[in-house]
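Next up is a structure, given as structure tokens.
Labels for the chains are A, B, C and D, by order of writing; each one numbers its residues from 1.
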Amino acid sequence: MSKVVSLQEAIQEVKDGDTLLFGGIVEDRRPVAAAIEIVRQRKKNLVLLGTCSQSGDILVGGGCVAAYRGCYTSNGAFGISPNIKRRAESGTIIIDDIGHLDVSIGLLALQAGVPFIASKTCIGTDILNPAYDNLSKVAEVAGNKEMLPNKKYVLMEDPFFDMGTVQLIPAIKLDVCICHVQMAGEEGTVRIDGSLAFDHYGALGANKVIVTAERIVPESYIRQEPNRNCIPCTSVDMVVEVPWGAHPGQVYNYYDMDIPFLQEYANSCSSQEGFDKWADTWIFGCKGHEDYLDKLGASRLEKLRALPPYGYVPRRKGGVK
Amino acid sequence: MTQQYAKISEYTPAEAMVVYAARFLANFDGKKGLIGTGLPLVATQLAKMIYSPNMVIFVETGQADANPKELAISIMDSRLTYGSSWQMGDPEGLYPLSRNEIDFGFIGGAQIDKYGNVNSTFIGGDYNKPLKRLAGTAGAVDIGVFAKTTVILMAHQKRRVCEFVDYLTTPGWMVKKWPEGTLVRREELGMRGGPGCFISSMGICKFDEGDKIMYLDRYFPGITPEDIKANTGFDIDVSRATEADPILVDEIRILREEIDPLNIYKMR
Amino acid sequence: MSKVVSLQEAIQEVKDGDTLLFGGIVEDRRPVAAAIEIVRQRKKNLVLLGTCSQSGDILVGGGCVAAYRGCYTSNGAFGISPNIKRRAESGTIIIDDIGHLDVSIGLLALQAGVPFIASKTCIGTDILNPAYDNLSKVAEVAGNKEMLPNKKYVLMEDPFFDMGTVQLIPAIKLDVCICHVQMAGEEGTVRIDGSLAFDHYGALGANKVIVTAERIVPESYIRQEPNRNCIPCTSVDMVVEVPWGAHPGQVYNYYDMDIPFLQEYANSCSSQEGFDKWADTWIFGCKGHEDYLDKLGASRLEKLRALPPYGYVPRRKGGVK
Amino acid sequence: MTQQYAKISEYTPAEAMVVYAARFLANFDGKKGLIGTGLPLVATQLAKMIYSPNMVIFVETGQADANPKELAISIMDSRLTYGSSWQMGDPEGLYPLSRNEIDFGFIGGAQIDKYGNVNSTFIGGDYNKPLKRLAGTAGAVDIGVFAKTTVILMAHQKRRVCEFVDYLTTPGWMVKKWPEGTLVRREELGMRGGPGCFISSMGICKFDEGDKIMYLDRYFPGITPEDIKANTGFDIDVSRATEADPILVDEIRILREEIDPLNIYKMR
């Protein structure tokens, strides 16, 4: 059964107040086109999980995000994600910091269908500081309260291996997971190259899974090598073909970062006016993703195309200069 | 490489920091390191090229034994995948830490205190309305908890090297025991590892075996222990310090020409 | 650095009393050649984890196993694993039954480096029956007591999602994990086709990992596609090239089951004398694995070779009859 | 398929059991099932071919949406990999259960009691010296805990269909609450799902909505309710039973010629 829909149709399934995880991380394999469509459809009060870098920061700038729970609010070499930075510093977004292993283990619990997992992950740090525990504030704005645990964590003594005090980490539950990937079959089977980030955990446990893919291929083709696939069709609800769907980020084996675009984003978005102007050009000034691509121009995109066998654009062979 | 020394005017403080860090990594040739984002990636790339070719690099986005042919721009850069033994995702990238396999973690940060606690979450103001919001934990908390030793890289400024961090992201030697938040030695919470070395833009600091407080071990050429005292937010012990061996012309050349020719990391 | 050694050298690293997990499951991708070498080297008091089917049952027959903790003691269509069946029914082996998710979650905890994970896995069943809890007996015979938890499980109320009583499942720790795989690089990077069974968890957490592979390839070749690899070189200690190393079982893409051999094993081993006779022929009657292969004969093996693209021998196209 | 009926002498009890099970699976066309080893694999292969082509098959060795072209010999048979959407390992094969995604689980066993509890661990004697040691849990415990409903397939014999199982491997409707082992209804332990149907070599049994005790729903042609009473280890209610529709010649033909031509499963 084909699950192929348009980007607009897919994003209509994201509801105000949903808890949401984007696939990819930093500026790699981020579902940027999907994020732009969410802003275009003016979704509200989303709870962003995991990290807030390229795609998440666009949502924050677009006023779609009420709260964020995660471990990373930076666009890597391009600086702290500018929109969430500004909103954090003005106290106009709820942030609940957890660790990178916390996110991993919370999503692992989701994937494995277990309520919690013990670890020493954040012992000794301010992640466990009750004064900074914003979980209940996050739960207040979430549309579906059941997505959030009753408590941020519980401390107990390890009864099995004498490891001392350990932290019980609850599952991170998701209304929606949106992944951008290299290849998907029309029934939803997904193949990813490069880091899987959290995609292979989040997509297996989210209530609704939207996949945007550089290429949609016949399901029979992608099933020729089941060991190479990363998300089963049984976990995917909608598939959308979105070439260059992670631009200005990179997609291993497909294209590299558009560094000037990323720098321009970083510079523009230090103020809300700056983001709004950027959005006027790249979100509201485009009817959809094809318009966005035409505005970028084919020759600009061609320069970003990854070189085999490396999967990126080597610095010494043209490309980004 | 020739042994010709570079003049102080021929490199920047950021470059000095990265070169001394790369030299320090010679201690970990053949060992397993989990490398954080930012300048640690640069120093590791340089070290792997000249001082510790057999260092085994793990990255928190799931590469095992990464062998990047060129400097990664971020922690999930495609450059980290090609040539690695295994590519999974972030969880699998971090489990080697919780499995206690990682010999050294290597991180940056925005603030470090005399116990080696590191802050990469916020500075000033209140958690819910900070003066300066930062990147958050990423893998820094996990490295600080689980790596057998941690190496920290950060510019040396008075507000950055302080009495106690505004937010304790990466646990050092004196950490917080919850629910009260009492300061205790990390061993008391059953934690192994701990910070081994802080390499700054001015010198190299270590931690006293007894009281676990930071002291100056080396100052870079052109920098005096007094400069470092003036740029440190607590009364740092400089009595054990000696001058570091000068930087080599070739180290700077390789850093500029081979590692970061496009100056992506704005070190110069 | 090459980690290639001989099978004899590799198995010398298995110590009496070790807790041991074999890769594969039932009669698929089982390290049978490695099991035979363990019997040949007359190891004692091993604690077998996970399942006891083809390779494990040979160890039991050979007198190498003092205790077993796991979820499956059957050779699938070929009946209950005959040696462990006989030993169980005569009360001469310690068995501690746990569930299949218990094994999965215990090894997941090992892989993730966490002490325990909560689940409702065995709630309501005799797996949790204190009268059948043989964990302490298993710990008594284990060489390295630290491999086993203080308790089999702990019950507690779920504090996060109101799921009621849940079972805390401790990590399953391993002295040794032995996997038989399709392909390994000389530095230890592993590629598996078909089910990964528990290999991708066990090998990541065991103290010592031995990989036997149908083919050892240059490390540079296997690294051309890191996304396709299943165990990183950093987790592997020794690599041995053992073609047909899972015979009489199957190896996806390489060969199918040797059904008459499996049936003969099932029939022979209902008595210890029967196993001993089988062992005289196939273990002690062979100097090593090459001898074993020669005894089987090249033409017999050729008939088992998998047909692309299926990865097995289709029934309607010759092969097993 | 033609609607021509087979004579009772033209098939074995095992074949009848498998055919009726395949028919029952028509209820799950388009649904997600986790299929256990043994005859459930055979019935599923037959069902997928003629009654529920859109059934989505998960297997506990990590295949999602398996589409075996020919009958698997065991639960990790290579035949299950080819054509599946995704192939991981045993844990990933079982997580769909604990994530509550599985509409029905389908298992065999050695003993079933009037509450639908199933035993596949040992029969007779003591746990530490059983009369008959069996395969152990495999995924049967997990299916019984997590699947939305469970279908059980087993030969109908007096010692197999009993008052209470010797060892409770797969939880049915009345289960044991630990540490005391008190018998309680499964809902009391916060468990969903439960056994929906027991298909034997003689008939089809279901469970009363109220007291959750097994009753006879259908008896196969050539079998009487009295036969079933005589072959059941407790006083089974047969008052609601009617005769099942006869088996078709084509069902047996497909089973013998297409599904298990080599008689690997010894059904005949």
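By definition in this document, contacts are C-beta pairs under 8 Å (C-beta built on N, C-alpha and C of every residue); 3 or more make two chains touch, one makes a residue touch a chain.
Just so you know, these numbers come straight off a predicted model, no measurement behind them.
Visitor: If we define chain centres by averaging CA atoms, which chain lands farthest from chain B? Would you check?
Guide: D
Visitor: Of the chain pairs A-D and C-D, which one is connected by the greater count of C-beta contacts?
Guide: When C-D is set beside A-D, the one with more contacts is C-D.
Visitor: Between chain B and chain C, what distance separates the C-alpha centroids? Give it in angstrom.
Guide: 41
Visitor: Using CA atom averages as chain centres, what separation in Å is found between chain C and chain D?
Guide: Measuring from centre to centre gives 27 Å for this pair.
Visitor: Rounded to a whole Å, what is the gap between the Cα centroids of chain A and chain C?
Guide: 38
Visitor: Can you list the residues of chain C that touch 2 or more other chains?
Guide: Residue numbers touching two or more other chains: 104-105, 108, 112-114, 119, 163, 193-194, 227, 309.
Visitor: Can you list the chain D residues in contact with two or more other chains?
Guide: Within chain D, residues 63, 81-82, 87, 91, 95, 97-98, 146 contact more than one other chain.
Visitor: Looking at the whole structure, which two-chain pairs count as touching?
Guide: Contacting pairs: A-B, A-C, A-D, B-C, C-D.
Visitor: Where on chain A does chain C make contact in their complex?
Guide: Its residues touching chain C are 104-105, 108-109, 112-119, 146, 149-151, 154, 158-163, 166, 168, 170-171, 192-194, 224, 227-228, 309.
Visitor: Looking at the complex, which residues from chain A come into contact with chain B?
Guide: 24-29, 70-74, 76-77, 80, 84-85, 88-91, 95, 97-101, 103-105, 107-108, 119-132, 134, 155, 163-165, 193-201, 250, 252-253, 256-257, 259, 306, 309-312, 314-316, 320-321
Visitor: Touching residues of chain A toward chain D in the complex: what are they?
Guide: 1, 110-114, 185, 187-189, 204-205, 219, 223, 226-227, 229-235
Visitor: Under the stated contact criterion, what part of chain B meets chain C in this complex?
Guide: 32, 54, 56, 58, 63-65, 81-87, 91, 95-101, 146
Visitor: Quick check on the complex: what are the chain B residues that touch chain A?
Guide: 37-38, 60-63, 69-70, 73-82, 87-91, 93-95, 97-98, 121-122, 125, 127-142, 144-146, 167-171, 175-179, 181, 186, 189-191, 261-262, 264-265
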